[in-house]
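In the two assemblies presented below, chain A is common to both, partnered first by chain B and then by chain C.
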Partner chain A sequence: MTRSRSPALLIAILLAPALVGLVVFRLYPIELAISDSFHNVLRGQQLFVGLDNYLALLTDSAFWNSLQVTLWFNLLINPIQIALALGLALLYVQQFKGVTFYRVLFLIPIGVSLPTAVIIWRIMLSQDGLVNGVIGMAGVPAQPWLTAESLALYSIIAIATWKGISYWMIFIIGGLQNISPEIYDAARIDGVKPWQRLVFITIPLLRPTLLFVLVADVSINFLLFAPIFMLTQGGPADSTNVLMYEAYKSGFVFGDMGRAMAIVVVVVAILLVIVGLQFKLLSGPKEAR
Partner chain B sequence: MKTTKIAIIAGLVASMLAGTALAQDKTLNMIVIEGGDTTAMQAVADAYTAANPGVTINLQPYPFAQFFQVAELRLRSADAGIDLVYVDAPLLASYASRGFLSPIDASIDTSTLVPSALDAGKYDGTQFALPINNSAQVLYYNKALFEAAGITPPDGLTAGATATQAEVDDLAATKRWTWEQVADAAQKLTVKDGGRTTTYGFTVEQFGELYQLQPFGESLGTDVVAPDGYTASGYLDSEAWTKAATYWSDLYNAWGVSPKSLGYGEAAQLFGNGQLAMLAGGTWNLPGLIASGVDFGVAPYPYFEGGKVLTPTGSWYVGVNAASANQAEAFDFASFLTTSAEGTKVWFDSLQQLPTYQPLLEEISTAASYDAFPNDVFRLGVYDSLNTAKARPVTAAYGQLQDAFRTAFVDIANGVAVSDALASAVQKFEAAAARVAP
Partner chain C sequence: MTDTARKLRNGVGLGARHLVYAAIAFVFVLPLWWAIVSSLRPNGEVFADIFPFTAKALLPTPFTLEAYAGVFERGFGMIIANTMLVALVTMVAGLVVNGAAGFAFAMFDFKGKRIILSLIIISFMLPFEAIALPLYTVTQQLGWLDNIAALIVPSVANGLAVFLFYQFFSQVPKDYAEAARLDGVSWINILLRIYVPLSMPTCISAALLLFIFQWEAFLWPLLAMPSQQFKVIQVGMAAFQQQYQTIWNQLFAVSVITALIPIALLLPLQRYYVQGLAGAGIKG
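== the complex of A and B ==
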């Protein structure tokens, strides 16, 4: 056995499980989704229909409505989640009396599974639930949090945010701890005010972390499904009918896998464009550092 | 060394022999709905395996909320891991048109089954599934709550009383309440404490479901979909359905007599807790409600004043997966479940659903053991299934119709305007159905 061949062999053996996993769990489903989106399975056999499923979406008002809902939902939820996660992270790294209590409080949502959190919120937001009880004490009438067209989407944003921000907070804390204390010491000597420290030192130096959080958060929220499936089923009056729910309904309730996969492919394409733009706009010039 | 070798060979031979013996034993896999249906099916399976020791029936229960998706996926992927499948009557056309089910074995004698129930298992003239049971809907009313509110409850069957089939027929034909009477009583029965409702006047068991609400609009004169099965304009958005949907809206919004957004099973629970005065629900609630200790009566399913009396019907069927490798055994069990005196009786005793097996229906009508409450309630089911039952539409787009309908009626209960919700349901259904239409 020659010496030059064995490292290559070793690398191949070590990488094999990951590569097999990549093919089986990533590439094959993508291939399957794209291929299904070119077929119609509604009439028994797998019929190749070319771009028909995509062309049908162009004139499909349910699709356009849920695209609109999905974009509006993401336009709101991502900035809210990142701003709150950043705020919590800044609070988390402070030293003050009782800080441990707050730190534990911030981390609780991570320990609760998403379905559990959703069920608890459903009970709290119900007609006779805790939330209406609390606002009732302030003299505000009970609100149909999940059953009114004007409120349901915002209730879902609140629930997803409660569940999501602690997770993003942890990444941001990591980023904050990577900033050298010497920079702050130097700033203090130069007489920089606290808010200037945040705007001119902390946030610029956090940019790589914030970019990662933004991209990951947008991806997760674009594909958010469980709270909608469990709480509103896209209603009332389609106000929470995001694209992933529309795709689920099409594929698993109506058996229209072709339309479902066409929607999924469109969602992923939109997501790729958004993430690409975010990288372009936010990664910034390398020389500046 | 030698002994180990011999032992290994002996072991191999023994295991091969055992293998051949096992090969003659068959295991049939069946997907069913979790809960009472699984318990009842297990009872039938036990009765069957006692007579057919070589066959094991392995039930795979799924929650009602996920059952349809699981069945759809597993049938579509030609999953040989299931032999028998539960089929909801209206989905039969969709399954049969896509070749998911084997045509029913011609040697099975179906002459003992109620013809209309048998017909609903046909697609394009071919029998694809056999009826396991039928369904009947009634109006449960809490006697104590009526008394407390000082109003007269509907005529009905109650504990301590007996009724012959003729008396039950008379009750159903002449003393049936109208939905207007229900609404009127419900408003008097609803009790509010501050902003909270402590007693609700009325609700239906299946919130927003087509099965239970179809007679609302249809009894006023218009079907839910056009005869083609793929369009609904002029039907679901007709004057009749607008009136029915307005009534539905008023229950929640104008009168506030019904609780909003109830989950599966929650309505019967409310009634059992004494927090609900009237419940429109299936006869399958009888055992649970009796166990709850509430003193209740059972009246016929109401209708709209001036409208035709129509009641929900149709239920679950059993079909054989076309991809199953055990066709003969699967048909034998399906036949035992639906067309044998023993199988249908075991099922009825366990689940309390109206049978489609005529000798058993005959027994319910005539046997003295059905004179007393609550057994006499099934006589109400017998009357309705013969006189007022209206089946759900047969269309390959039934899933799409059910979803559009449910969405509209849930939205209406939540306060969406009736005309908007119905228009949107028609539009959604037609767009989705056009993709399935031949």
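== the complex of A and C ==
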């Protein structure tokens, strides 16, 4: 039949720009990061050094520290963001007069880019800023939110969470709205308590949504850069020196691209392992079908 | 009697509910509100009424637009224009390039289709930040550092946008295209006359994704424009923050301008934006 003949030239023309773009600007850089990580790339010269860049990382305390900071940061921020987003979604999915108004207010942080949020929060968290003013009402003394080793990382978590959760909340609200209300009605008739409803009905049925949100959230937070660059430059005392910032410093402050790429490869490898684990843990029972 | 009691209880319940919701909404809105208010105050007044804290800290008194005037005197108009240019060109080129690819995947069967499709999915599973550093080397090899092409071209082809168009076009009944083919309509006309008008919601989703991506880009423009001759808004803001640390009201004015443009786009169109992002998760 004539209609099923595929016009090869047309296909090529339609596909070529997108494919060339994705290969050159997405896939080739991944390949390049891996190959550069086996080279000593200093001042334009390339010298094959095998695993040297990786071996050097093994005995490098700055690297180990930033690995630790990155893991700790992610161990805290991802559960916090998702728990808050889920809690807020459960609140805001309820129908009552005026709820739309609150939902619109909730959307505001989505439009505020992370660098913008960082600037606003930096001033809010400054010594004379609004946050210290508000806690001052309760008699709490002003805190050095961004300049104390013990607080800076947690301040960044707060900023990124403010910026991030409404985003995830929207997805979770979407997931909640897909759960048929009859299931809840049946549960109510059977006398299921609210918390049991959450643990045994809502969360299991929300699994695909939660998995998507968790994976996307982890990938974003694992590569978080702008707040570190703009607020703390990894300090004070390396307490906020995450791996992405360490990689940036190696490459663009110290000009050691080989080390930078080795760190990028390590970051991506850890990210892939975490994402793979999440898939296994959260989609496990569903695989049985 | 019990009826009134119930009404009263419902009324109190609704009131308590509004109180809780308003308190949470307050936390969400407060930073931007304070930024707007402070951008409308003289610089010396930004931290007034905070110690001790009074409600006056949340009102723009005394009111002045000097911060905005100052920001534009420092050339922020140019930076906004730069960013708009980058975002709009990326958006238009991205719609054409990714839409065409999505159409090809949806309409035709060809050798290697599955492999190419999985490559596209891989390319958007890994966040852009992960490849920003190696992308610098690619850009250097192309000789595009400090060239506006470095900001636009790498962001035009977008795996997620291809995937969105592919998903949408696959759902359009094949009969449409077949009938048109029998009438002798060319493929290009089928795409432009039938598929593009049908796909307006997908076009809006993809356009928003591409626009917001460029509007919020920070790490990449920071690396790709080492001389900072051509500054886009997020990088310009970060530099502004470092240079003029104490001109608080101008810092706020810059933040407000940067935030309000995407908010103005997202509030009416957020449904499409979320649909676009969720496209990545739908198949899971």
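We take it that the second predicted complex is superposed on the first by the 262 of 289 C-alpha atoms of A that agree within 3 Å, B and C clash if a C-alpha of one lies under 4 Å from a C-alpha of the other, contacts with A are read in each partner's own complex, and residues count from 1 in each chain.
The rule is short, and it goes like this: a contact is a pair of C-beta atoms (placed from the backbone, for glycine too) under 8 Å apart; a residue touches a chain by one contact, two chains touch by 3 or more.
The structure presented is a predicted model; accordingly, all values stated were derived computationally and were not measured.
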**Report entry** When both partners are placed on the shared chain, which of chain B and chain C touches more of chain A
**Finding:** C
Requested in this report: Pick one for A:W72: touches chain B only (first), chain C only (second), both, or neither.
Outcome: neither
Query raised in the report: Looking at the overlay, does A:P144 come into contact with chain B only (first), chain C only (second), both, or neither?
Result: first
Requested in this report: Identify the partner contact of A:G136: answer first if only chain B is touched, second if only chain C is, both if each is, neither if none is.
Outcome: both
Query raised in the report: Does the superposition put A:D128 against chain B (first), chain C (second), both, or neither?
Result: both
Query raised in the report: After superposition on the shared chain, which partner residues are touched by A:V253: those of chain B (first), chain C (second), both, or neither?
Result: first
Requested in this report: Check the residue A:G235 against both partner chains and state whether it touches chain B (first), chain C (second), both, or neither.
Outcome: first
Report task. Give one of first, second, both or neither to describe whether A:D60 is in contact with chain B, with chain C, with both, or with none. Result -> first
**Report entry** First, second, both or neither for A:L42, with chain B first and chain C second
**Finding:** first
Query raised in the report: Where on chain A do the contacts from chain B and from chain C line up?
Result: 128, 136, 252, 257
Report summary line: Touching chain C in the complex, chain A uses residues 3, 6-8, 10-11, 13-15, 17-30, 32-33, 36, 88, 91-92, 96-99, 102, 104-117, 119-124, 128-130, 132-134, 136-137, 162, 166, 170-171, 174, 208-209, 211-212, 216, 219-220, 223, 225-226, 229-230, 244, 247-248, 251-252, 257, 260-261, 264, 267-268, 271, 283
Query raised in the report: Inside the complex, what are the residues of chain A that reach chain B?
Result: 40-44, 56, 60-62, 127-128, 136, 141-142, 144, 146-149, 233-238, 249, 252-257, 259
Query raised in the report: Any idea which chain B residues touch chain A in the complex?
Result: 68-69, 72-73, 76, 94, 97-99, 195-196, 259-261, 399-400, 403, 407, 410-411, 414-416, 420-421, 424, 427-428, 431-432, 435-436, 438
Report task. Within their complex, state which residues of chain C touch chain A. Result -> 14, 17-18, 20-22, 24-25, 27-32, 34-35, 38, 46-47, 50-53, 57, 96-98, 100-101, 103-105, 108-110, 116, 119-120, 122-124, 126-127, 129-131, 133-138, 153-157, 159, 162, 178, 181-182, 187, 215-216, 218-219, 222-223, 234, 237-238, 241, 248, 251-252, 254-255, 258-260, 262-263, 265-267, 270, 274, 277-278, 280-281, 284
